[in-house]
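Everything on this sheet refers to the single structure shown next.
Which chain is which? They are A, B, C, D, E and F, in the order written, and residues in each are numbered from 1.
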Amino acid sequence: MADPFFQPISGMDLPRFAGVPTFMRLPHIPLDGPRIDEVDIGIIGAPWDSGTTNRPGPRHGPRQLRDLSTMIRAMNGATGIKPFEACNIADLGDVSPNPADIMDTLDRMSGFYSKVKGQGIKPLTAGGDHLCSLPILRGIAAQAPVGMIHFDSHTDLFHSYFDGTMYTHGTPFRRAVEEGLLDPKRVVQIGIRGSAYDTEDRDFAKAEGIRVIAIEEFFARGIPDVMAEAREIVGSADTYVSYDIDFVDPAFAPGTGTPEVGGPNSFQALQVVRELQGINIIGADMVEVSPPFDFGGATAWLGVSIMFELLCVMV
Amino acid sequence: MADPFFQPISGMDLPRFAGVPTFMRLPHIPLDGPRIDEVDIGIIGAPWDSGTTNRPGPRHGPRQLRDLSTMIRAMNGATGIKPFEACNIADLGDVSPNPADIMDTLDRMSGFYSKVKGQGIKPLTAGGDHLCSLPILRGIAAQAPVGMIHFDSHTDLFHSYFDGTMYTHGTPFRRAVEEGLLDPKRVVQIGIRGSAYDTEDRDFAKAEGIRVIAIEEFFARGIPDVMAEAREIVGSADTYVSYDIDFVDPAFAPGTGTPEVGGPNSFQALQVVRELQGINIIGADMVEVSPPFDFGGATAWLGVSIMFELLCVMV
Amino acid sequence: MADPFFQPISGMDLPRFAGVPTFMRLPHIPLDGPRIDEVDIGIIGAPWDSGTTNRPGPRHGPRQLRDLSTMIRAMNGATGIKPFEACNIADLGDVSPNPADIMDTLDRMSGFYSKVKGQGIKPLTAGGDHLCSLPILRGIAAQAPVGMIHFDSHTDLFHSYFDGTMYTHGTPFRRAVEEGLLDPKRVVQIGIRGSAYDTEDRDFAKAEGIRVIAIEEFFARGIPDVMAEAREIVGSADTYVSYDIDFVDPAFAPGTGTPEVGGPNSFQALQVVRELQGINIIGADMVEVSPPFDFGGATAWLGVSIMFELLCVMV
Amino acid sequence: MADPFFQPISGMDLPRFAGVPTFMRLPHIPLDGPRIDEVDIGIIGAPWDSGTTNRPGPRHGPRQLRDLSTMIRAMNGATGIKPFEACNIADLGDVSPNPADIMDTLDRMSGFYSKVKGQGIKPLTAGGDHLCSLPILRGIAAQAPVGMIHFDSHTDLFHSYFDGTMYTHGTPFRRAVEEGLLDPKRVVQIGIRGSAYDTEDRDFAKAEGIRVIAIEEFFARGIPDVMAEAREIVGSADTYVSYDIDFVDPAFAPGTGTPEVGGPNSFQALQVVRELQGINIIGADMVEVSPPFDFGGATAWLGVSIMFELLCVMV
Amino acid sequence: MADPFFQPISGMDLPRFAGVPTFMRLPHIPLDGPRIDEVDIGIIGAPWDSGTTNRPGPRHGPRQLRDLSTMIRAMNGATGIKPFEACNIADLGDVSPNPADIMDTLDRMSGFYSKVKGQGIKPLTAGGDHLCSLPILRGIAAQAPVGMIHFDSHTDLFHSYFDGTMYTHGTPFRRAVEEGLLDPKRVVQIGIRGSAYDTEDRDFAKAEGIRVIAIEEFFARGIPDVMAEAREIVGSADTYVSYDIDFVDPAFAPGTGTPEVGGPNSFQALQVVRELQGINIIGADMVEVSPPFDFGGATAWLGVSIMFELLCVMV
Amino acid sequence: MADPFFQPISGMDLPRFAGVPTFMRLPHIPLDGPRIDEVDIGIIGAPWDSGTTNRPGPRHGPRQLRDLSTMIRAMNGATGIKPFEACNIADLGDVSPNPADIMDTLDRMSGFYSKVKGQGIKPLTAGGDHLCSLPILRGIAAQAPVGMIHFDSHTDLFHSYFDGTMYTHGTPFRRAVEEGLLDPKRVVQIGIRGSAYDTEDRDFAKAEGIRVIAIEEFFARGIPDVMAEAREIVGSADTYVSYDIDFVDPAFAPGTGTPEVGGPNSFQALQVVRELQGINIIGADMVEVSPPFDFGGATAWLGVSIMFELLCVMV
């Protein structure tokens, strides 16, 4: 039976615009807080965007995602799932970044996520830019490489930028493969599109066995077919889900730093997550929501709606 | 033949940004004004949002809908219908709300709509939040329950909020059924989606025989099929059409208080109205357009485009 | 010596954009929470704007004021005061409104503030519209009438609106005088300006002995002289400070519902508070900050900057 | 005694956001409408900006000025003047421009204003860009040159643009002097500032005897002294008042096409108008309010606040 | 082999937000500049919107399109085409308009494009409003009428506005047919929708043999079928491509003056261009991008993404 | 006599919104470009904000400052100075940052400015956050410490952030003093205000002899008196001028990351620069303009207006 302590505050009791905003109006439990050992899934903010090579802003993502998340209710209208009854879910607060030191922040974050894993908590992270996924994987996939389903318009598989800079939001998964955090044979990237510098990232993917599904193929085959392949690729072993909001078309998600036109709509953005049912998800993230480029929280609202769907397939 | 007095001013004569903005550049005729007895359809503003439990703003809807409506022209490009030639249509002004007293406003509004009905005028209302639909129905459906086609992402069938508050924008149709204004067997709700508090509203719908078509069914079956069923449900008797702008996806209609992602696009938003041809429409509304949450009038422009389609099936 | 538990988190440790946003990064202690009995000053959100007769929005004030308040640091740069060392200050959370029932909310709020007073805590409230001041005064001034220094562009002394509606954001202080919560001889209103309906409010002020200082007099005499008179009017007895953000010119505080041009600048907005040093302040509020009409949080930033100055004269 | 027909609707009766927006909620009376012969002052929209050489937008000015003008009340709070009781004032609607033909529009407008003058009505115009002032003067100053008090950051005295283009918003008063509509010895320009192409406009002013008061002199001498000189310059003969919103600092009036920083604040913007008391004003305008560059109507709100002050010195 | 001089600067070398913004970070070569004779395709700004009868702004289009174009990379991700390697492409700067004289600007522009054609350069123009297409055609189609594929929600085939004004953004192709610049039998207009004044434009199209494909037909048949017909209509002879951004739904392209809801999404907006492969394109334009009505450059970003696709079928 | 090559393009010839935007419409001459040896003053963009510990965005500053700078004309209206005739001034383009590596960027920038100095060019830099000033000083003050007049609301004299991070936008002048780039006895900081962490920065200033003029003193003494002291402090030796836009009140300059209310207005923002006449300025910067937090370019417009004033005292 559901523990009342872990239930979100209802908008029928306290209006949605009221109260200190925690993720989905859940209790805020720091890693050293009371009842942390009862938490199954922890929602964590990663307010860091120093890996951004273009337009910054995702450091403000967690704050606005928390704000909009107070409009999420208790039950998934489409599937009937009630995640907060199925699991104990809590807001674990933000991992603390050092905005002026990338290497320091990588260490701060991987340390934090090691502790989360040590507590037996599955993390659902609200970024932050996509470089965040690297220290998360360092924290939770140190023992053995994991699979990944990755929604994005970019592969983020580049070798380096600006004459050898290795840690940017365009390189996390290159590093993760190199470091043995990801099993490239069990990685699928969905929604890739936009103009490209060259084929360096695609060549790496091909060489390593990463499956890249471009947006043209995605639309041509349809979501059920594409997602069936994705499920087959990752199989039943441990799998991470990384969701870059720029997977979605910028009309639906304008608040991001490197938008690419010609993407899925918001219904499709939810559908792909619903198709993850049954996968063994050990963690997930929603990254690149950038409030300074957003309008009235539209992107954050879509972001938390997707996070809620992620919770529904993680429980 | 069309009466020149009831024709909108053409943008070929006076630019669309010029002039005092009335709905669709039609003559402004108050209920006690000259030639009111010649009016067939009256467009009415209901600038009231005191029933809003979340983010307010629709009280500003009529003003901005009037403003954007000056971009509407005379003929429906898709169907060839010329509503202003088919009927005498006028702007009846705004019903006056009391923003600090809900019960008083309910009375003011039902009294106003009784007079409109008494004049033999069919009302097309620009809200206002969804609670507006209740006093409208009290005014025009007092004699006998009517059918309703309701486009929305929410059912608005809840019993009450905040420990017993009966009149909010989440309860109008519960009240309308209870008061015998709506015949629940002739009510269909289309587009329902989003996270839910619980199933209380759906249980009520099921118990009363209200047909609820969730967005997943809507997309799976397609508009012609869904709308054929809707037409069958309401049949040929008196029917009210209530259109909450949050039926449409927030990328197309950001300016609303309780957006739900994953909705129809703007082409579909028009299509569903075109499928109402032949229904015996006694009144209609466009509600929940909230200018403070809009950008550059985008939502109001979609709202008045839908209102124009509604006129084309009402004439 | 300062209690570390009651110190705000430093931006040198955790960046200002990170973390769950409480007022000024202070601990969040509900009225029934641990260590509530150690609190000297409680910052309280009052997310309620149902008394608004014009453009709504202040119900969103507390959330955005909390957000921007994370940019406040520990020491007043101008006066050297360190309020968080001088007193135990905490975020008490939001008082819960019923957005669809004014009378119910008045009761909820006065009940809450009675408890605050019962705990011996001085409240600093973040509104909400100006009607909020009435239930606050009912809660903390029930025993005996108090004095008030009131910064505003409107007197809020009207008798009623819309044919007899007694509770709106234009009437709180008329009610408070009638109910014996305010001693009109010890009330001064500063900054009054803008076009007027008539002189009904001014006539009431004159009859009751309320001192009204219009903006022309304010600018002509200068702040030190005006504030010396204000201090003399309220004397050394219990005094409430009510600060409507529309006291400030809309170029500095655009996010409000009824702006009046021709007001003080932001330096003057702080100066008037600094001149309150020495007054016996039993509570204060910052009201009418309306995020939907704001730009990038400019008004909320000014609002919390003023709230910090208020803290500095309350400690 | 005041004629009820010519009184604005009170916000105490109908909320300010409700109703079809006419200027200051006054009756809308076209030039051929009933009771036009009783009108003393006519407020007229001039939605035209084809003379704009930089950023367009003022064609949208009249619509937004009407919208915001519904927040103006009946009495001047500073002076006690009640313009709507002192005179019969009405909204005469918009003069119809041809946005794609400058010469045609000049003729349309001068014809319209000739009729206004012929009716014995003093026009208060809401532009529109500054070229509007030329056809207004052609309409009302055709018989004899008039004086002018001109608030602006630019002289608008240039000879031509782009190799001989004579009619732009930078040339109206050069033309008006050349055409004998203005008596240059009775013209004063106040607030001039910003970077300059050259001194051609100032040389013309000097040669013709136009008095130019730059912003440095304005601030150094103070408003009472400057305005005393202005009143002396125009004397007791017929005088036109032209008020370009870019006279005011862009922090207070961002919505304009050619802003110049370093201008007066909003209190000073009103003060200069109050100092016009006693001048024989035969017409006035408020130009260059450009909604596409505005934020939330801030500039239009200041614009109509100034227009209200203009009415108070015209009655 | 590709000439390094004509390659865009890579974001891997210089971040995309850095540097003086030329179109797609290409070299800026004025018509009289060095190496102009090596240019194959010239991207040209046409900052002119004086033909706009409704909401102005496209004069600001070229500046913002240049700004956003710095986010375009070197290779088409969908087709693999590398336009900058296939051809020498340069930014030719802006054609200089006279914003206050339509006839003068028509001459300036047709003269400029004659020279471009004389240099053997194919122009890709960034408008500007749709009247720009007329002087472009005068410049490059003076010898013989050309075919045209025209994406738009309006036909722009009207005879005149406002009692005989012949040159507006609603009339360019009527003039172009009359002047023998377009062969109406080889013209197809795709995406037409929205309310209409009357059928005058459609009647002209029918009489002349212009093929008009309304949006309903477009969606019903699908893009491959519609575009096959379009390719057949224009055949292998010289063809111009005119792309009005209001072809796209306003949720994807809000920044335009006369939006019509119910249009294609951004993926379809690109798809139609990809289907132009093989056509003999002598020039193309992207018009009606209006920054003052845009949000964060969303429309300009879509506009330049389409321009990149146009380049890929022009090389 | 002025060299036509170095004159800005006039808005009388080419409208201000047209053309590729260089700083003030001057020729763009890279460091290795032709005629670089004739340049006296170089305007340089420094699109870098990686030292920002709070809200990022100034990396976008140079692009928007260039854009708005096209509205600057040739002559200072207040002083009559024509900087482009007095000196050869050019846009030197942007120094290229590495947004993901602070130490690398510090080196890139100091190298660039060494070359600028080597060419005998005085740099006027458009930032970028305030950390930019450090590598600029390393480039141009390596030989001997210089004096500095610093306009800001913060001292930027902190030792470090986040447990020892030495290079942030809050530490540049601490480093510059430590490195012997600044002579602290010849440094004056003007406008300091806002809440503070502690007095660590002020203690350092006092110990080193840096003069800090808080905003209260600034307003109390007036600009002529304060600036006379500033001129005396720096004397006639080499002096750098650093202008943080957050010196100005956020109503006038909202687009910045760490605004502090209660600052100077825009007229005062210009006045302080005019008072620099006669100082031996070897370089200057305008930093912390952050377009993502700006509205319609208001802050950038003020920023370039100040840069123009800086040019006028540098020539």
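Miscellaneous remarks
One rule holds in what follows: a residue touches a chain if its C-beta (ideal position, glycine included) is under 8 Å from a C-beta of that chain, and two chains touch if they have at least 3 such contacts.
Since we're looking at a predicted model, the values are computed, not measured.
Chains touching both chain A and chain F: C, E.
Centre-to-centre spacing of chain B and chain F amounts to 55 Å, using the average Cα coordinate of each chain. Rounded to whole angstrom, the centroid-to-centroid distance between chain B and chain D, based on C-alpha atoms, equals 40 Å. The residues of chain B that reach two or more other chains are 13, 15, 17, 53, 55, 59-60, 99, 161-162, 249, 251, 265, 293, 295, listed in rising order. Arrangement of the chains shown, judged by which pairs touch: an irregular graph that fits none of the line, ring, star or complete shapes.
By the document's touch criterion, interfaces exist between A-B, A-C, A-E, A-F, B-C, B-D, B-E, C-D, C-F, D-E, D-F, E-F. Across the complex, chain D is touched by residues 53-55, 161-162, 192-199, 214-216, 219, 249-251, 254, 258-263, 265, 293, 295 of chain C.
The part of chain A that touches chain C in the complex is made up of residues 13-15, 17-22, 28, 45, 47, 59-60, 62-63, 66-67, 91, 93-94, 96-97, 99. Remark: chain E residues 49-53, 55-57, 59-60, 98-102, 104, 161-163, 165, 167-168, 292-293 touch chain D in the complex.
Taken in their complex, chain C has these residues touching chain F: 10-13, 15-17, 71-78, 249, 251-252, 265-267, 269-270, 295-296, 298, 301-302, 305, 308.
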